[in-house]
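Letters are used for the chains, namely A, B, C and D, taken in the order the chains are written, and counting of residues starts over at 1 for each.
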Amino acid sequence: MSEEQNFGWNREQMAERAAQDIPNGAYVNLGIGIPEKVVRYVPEGREVIYHTENGLLGMGDAPEPGMEDPELINAGKKNVTAIPGAAYFHHADSFSMIRGGHIDICVLGAMQVAENGDLANWSTGNPDAIPAVGGAMDLVAGVKTINVITQHVTNKGYPKLVEKCTFPLTGVGVVSRIYTDLAVIDVTPEGFKIVELAPGVDFDYVQERTGCKLIAA
Amino acid sequence: MINKQVNSVAQAVANIHDGATVMIGGFGEAGSPIELIHALIDQGAKNLTVVNNNTGSGHVGLAALIENKRVSKMICSFPRTANSTVFPELYTKGEIELELVPQGTLAERIRAGGAGVPAFYTATSVGTPLAEGKEVRSIDGRDYVLEYGLKADFSLIKCLRADRYGNLVYNKTARNFAPIMAMAAETTIVQTKEFVNAGEIDPEVVVTPGIFVDQIVTVDSPLHESELVAAGEVYP
Amino acid sequence: MSEEQNFGWNREQMAERAAQDIPNGAYVNLGIGIPEKVVRYVPEGREVIYHTENGLLGMGDAPEPGMEDPELINAGKKNVTAIPGAAYFHHADSFSMIRGGHIDICVLGAMQVAENGDLANWSTGNPDAIPAVGGAMDLVAGVKTINVITQHVTNKGYPKLVEKCTFPLTGVGVVSRIYTDLAVIDVTPEGFKIVELAPGVDFDYVQERTGCKLIAA
Amino acid sequence: MINKQVNSVAQAVANIHDGATVMIGGFGEAGSPIELIHALIDQGAKNLTVVNNNTGSGHVGLAALIENKRVSKMICSFPRTANSTVFPELYTKGEIELELVPQGTLAERIRAGGAGVPAFYTATSVGTPLAEGKEVRSIDGRDYVLEYGLKADFSLIKCLRADRYGNLVYNKTARNFAPIMAMAAETTIVQTKEFVNAGEIDPEVVVTPGIFVDQIVTVDSPLHESELVAAGEVYP
């Protein structure tokens, strides 16, 4: 255990906390980055089915070294395995699962989340950058519940939870719950509401690092 | 552990409510989930909107569901078939509603409903009575009508083989509407001839991935509708 | 050989004539009735793939007696077989083949064909009849070439080839060629044009039984 | 007899013309028909519009096609990937056009193109910059954007096994865009690892029925893009 665990949550702990909210039997799609770690923390006694949008339902763990198959990868183009009871399908069928509302939960990273649930996670809007969107807009438009895992502030200390996103949107009013290093926060009709504070963190500390007014738990 | 198996056809259809929209698989007899339909007759739900390519034969299966006055509206492409008298009689008396949809439009509307596509354009039916009242749009110089995705509260389908996750494979042309109806329903109820362990269906050959399936009941010796019709059987 | 073969074509001969126009390698959908007979007359040396809209590409002949499978049928709900190299698929995929323009030729029956190619083959418009359309409207809208096999006149002697259909349409301007008991007729921008007359039949005989002006071969 | 086999990758791509729209299967390396792409580079067609989820890696396969200035426009969802420098450099210099499409919209547009659906509505991208200039319609209280079907002159795809009719099966997640691209192209060109007799692929497990396939070439030991990229290979 590292020292920093006495204050806030580290990346593993954020993933572990998010995993606690995934019920048995859920169909889940995990974004690239910290969300990928959620798979390791599904609580004992629950079975969760992972969907990867490049055509696999029943995604398993990473393969043993030497057992990688370049034709068995996830949406992040990492080598994966398939569980017994998996299914392969083509891209239109895969996105039918997403866009048709069949995936229960998607956990994504974020650049900004607005207090009305708007999400920005695909572009800074910098005209010099190469734009790339992947499946993010499909996921937020189609999956029943969109949760976000993100550091509470940017590398430069700016709030990522804001009154209104300044980056181009991925989706409008789509986020349900946010897991940060400081707190678990719900998007409610009244705005961001604290569900749980990380160890050693108090409300004012989170509020100071948030771009809009928070509602206490 | 995930296990979508239920013990009886009665249990499988227990939650179907009055007024529900129910998609029923099958093209004529092939793929018709006759045991689930009979269980639905026993269960008693009424005022149903039923989506099926046809309207059943004789006095069993879908025809029996209609004959027992459980169906207020049929959405189908071909309500007249050999040995089909139940629907025509009720329709002629004005006792059942019909929404006639071209077969391909019906299939595409169901697929759209399952795929999150609320509406699409198609060339089918342009300039015919079935396009009357529908929006027409010219795209690249050709006219198309706007059709809406179709969803259901429940789908009742039949397959050859299933596992506990709800992965399904079918038998020959009995596949027909089942995979898309499984996608389009809030709750998909499956009768399977065989139930196998997870992993026994090769992931490459799964036709309906388990995400589209909610309840599975094994019916290992299903009735043959055509034999019942030939024998003059009446359900119940 | 029956006596009537000296004058006009019988149903088998109409099917045989239609089969001659199907090239090697074509993907073909056959309507219910006389069109179903076309399958028996594919000329030697050609291989044609039959599609049936209830989910089979590579439909074969009728099964041997006693080998019928109620789960292997065609669109007319008759027992069929599948050739080696066949494929099964669901209804939306099957109609993607039709509506996406992948089927080369469809041979259908007709109640009326108009000189501009309009087809009526699904309803008499009688308000007492139970309407039923099946896949006819999809086929005429999607298949590249629509050919028709039909008796030249109705049972009561009325022309089926007309200036304008009086029955409700199946499709607008869709028919390419018509095989009747009297002639092979093309739909051209100028109207119906005789391609070939049946044995013993002359132009005037066909013209008298046609509801609009014919163009000689 | 029908036999869609051709003898070489060069023969397979011979008819691809300047200005053609070419769909290329694959999600990153998985499913990328690298031998067909290299044959297309050798063939010389230019001013191509290419549809692919990405823009290739290193200096082989799709990245090499782009680097050799054969592609005037990319339609894709994610042009930035690990080891992808060719497209970004040309794009930054304004030497290649990009139509950025959400991945699911891209898949659905391709499927629509193949299925005869000229346009459809989707919730994806509503309220974002990628919906700018697109028609928005409210259906049952939710907003959707209108998207158009996408077709191609040619599709280049890779499969595991094929027969003379063009029936195809794939390997794991290398399936991805190939089945829908096969549907959406005027001419579909396939490289297969194995070529088998008609009837050796069970009709129940065919993923792409032969009707969607035009030419098949066997490449029994395909190159691995990631190995070429790691070795710093440059094509040609």
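By definition in this document, a contact is a pair of C-beta atoms (placed from the backbone, for glycine too) under 8 Å apart; a residue touches a chain by one contact, two chains touch by 3 or more.
Here the structure is a predicted model, which is why all the values come from computation and not from measurement.
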Intersection of contact partners for chain A and chain C: B, D
Furthest chain, CA centroid comparison against chain A: C
For chain C paired with chain D, centre-to-centre distance based on mean C-alpha positions, whole Å: 36
Centroid distance [mean C-alpha coordinates] between chain C and chain B, Å: 29
Junction residues of chain B, two or more chains touched: 108, 111, 115-117, 122-123, 170-172, 203-204
Multi-chain contact residues (two or more partners), chain C: 56, 82, 88-89, 92, 95, 98-99, 141-142
Touch-based graph of the chains, sorted into line, ring, star, complete or other: other
Pairs of chains satisfying the touch condition: A-B, A-D, B-C, B-D, C-D
Footprint of chain B on chain D - complex, ascending: 108, 112, 115-123, 137, 139-140, 142, 144, 148, 169-172, 202-205
Residues of chain A touching chain D in the complex: 52-56, 69-74, 77, 82, 88-92, 94-95, 98-99, 123, 128, 130-138, 141-142, 168-172
Contacting residues of chain D [partner chain C, same complex]: 1-2, 111, 113-117, 163-165, 167, 183, 197-199, 201, 203-204, 206, 209-212
Touching residues on chain B, where the partner in the complex is chain C: 27-31, 53, 77-82, 87-88, 91-92, 98, 100-108, 110-111, 122-130, 170-180, 207, 224, 226
List of chain C residues in touch with chain D within their complex: 24-25, 27, 47, 49, 51, 56-58, 82-89, 92, 95-103, 141-142
